[in-house]
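One structure, pasted below without further comment.
Lettered A, B and C in written order, each chain numbered from 1.
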Amino acid sequence: MLPLPKKFFVTAASAEGETALTAFDGALLKARVGNTNLLKVSSILPPGCEYVPDLEIPPGSLLPIAFGSITSSDPGDLISAAVGVGIQNNSFGVIMEFSGKCSKKEAEERVTSMVEEAFRMRGLKLDEVKIASTEHVVENIGCAFAAVPLYY
Amino acid sequence: MLPLPKKFFVTAASAEGETALTAFDGALLKARVGNTNLLKVSSILPPGCEYVPDLEIPPGSLLPIAFGSITSSDPGDLISAAVGVGIQNNSFGVIMEFSGKCSKKEAEERVTSMVEEAFRMRGLKLDEVKIASTEHVVENIGCAFAAVPLYY
Amino acid sequence: MLPLPKKFFVTAASAEGETALTAFDGALLKARVGNTNLLKVSSILPPGCEYVPDLEIPPGSLLPIAFGSITSSDPGDLISAAVGVGIQNNSFGVIMEFSGKCSKKEAEERVTSMVEEAFRMRGLKLDEVKIASTEHVVENIGCAFAAVPLYY
């Protein structure tokens, strides 16, 4: 089987670029995952996965990651992205992501209520929620990105 | 290299949620993959991959999976998703997925004809097609999800 | 951790199909990745990854791959896809992809300038850019696909 990730952190950042893809790339760099190969996953924190906020990922790594992102090319747009990790001690957790044309505060509220719903559906007890979020006013082409990298 | 999956099953389910993402999450739970990390793949059944219909995936696992899904927030919408696995004995197989605003029967017909086309393009002989499908009438926010999990 | 890819090539092809998904499937076949399980990544060439243009991928393999693709069902549409791999000797590289309703030449120019921007953002020196591109005039349902497969 593919090895179970053992460490995670939460991160979020925004950036401008000359294109949507390079704005996304710039946001990844600021979020400390820009030199890795993102493998988008949907979206469980493995049991025993440890929170390591200053984790460094070697360049080129295949990086399982849950993320939400939004890009906009409408100057003046307020864009936001947020992730939430719901944790029950001694169990697995659930990750939710949200992005949209709203404030960071609204994005945080959205992921929090999605995590709460996911825990209710599973009959889990929510001991803690870790959140990362970002908001950005678009100048030319902007991207807001929030993520939970899962690593080893 | 990444290890070749050795087992598979087919699954489909629908659910309601308070948001599109939690409706998707609910459908994954009903389809028995809700506590895993979906790694979306496109879409070959590896040679020698064995059909194990009651396979259980440990929580948090990185799970290669071919899937189709649709969410709708229009009450009354009929939504469906289907997957088809085309199998030639002693060869690899081809997986096709479909989702749309239609009946389960139509979704099944679509994936079946896509599998047939994929086999014609490859000059393979279609010994068997395994299908999973689901349909759902949206109440508030609904999701239909069909998948072929590939595991070890 | 997941093993770091050691080899890569660049590829691009277009095809017609009876549906969008089978047109995509046909393009993958022509691009020599049609019998694999694409794991879409975003998008770094690992350090030391060797260019092997005639690399063959075993059927069913989980294949990390950066790609861009476009499908259209409007007969007469000119569609194109391109990938660019920016390389600095003795470092990792950056992969950019583009697809759109334009000529192959325009798609190539777009990925080239995206690679240049990605290198400027990282303070890397661009020693070489490898490009693959394809263009296609849609007959019924067509797909243009360009990719950088990363393998072992």
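Quick note on the criterion: a residue touches a chain if its C-beta (ideal position, glycine included) is under 8 Å from a C-beta of that chain, and two chains touch if they have at least 3 such contacts.
Since this is a predicted model, take the numbers as computed values, not measurements.
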Chain contact graph, described as a line, ring, star, complete graph or other shape: complete
Interface residue overlap between copies subunit A and subunit B, same or different (over half shared): different
Between subunit A and subunit B, centroid-to-centroid distance (C-alpha), Å: 25
Residue numbers of subunit B (touch at least two other chains): 2-3, 39-40, 64
Residues on subunit A engaged by subunit C in the complex (per definition of touch): 2-3, 17-19, 21-22, 24-26, 28-29, 34-40, 58-62, 64, 151-152
Contacting residues of subunit B [partner subunit C, same complex]: 1-5, 39-47, 49, 64, 66, 91-92, 94, 96-98, 110, 113-114, 117-118, 121-122, 150
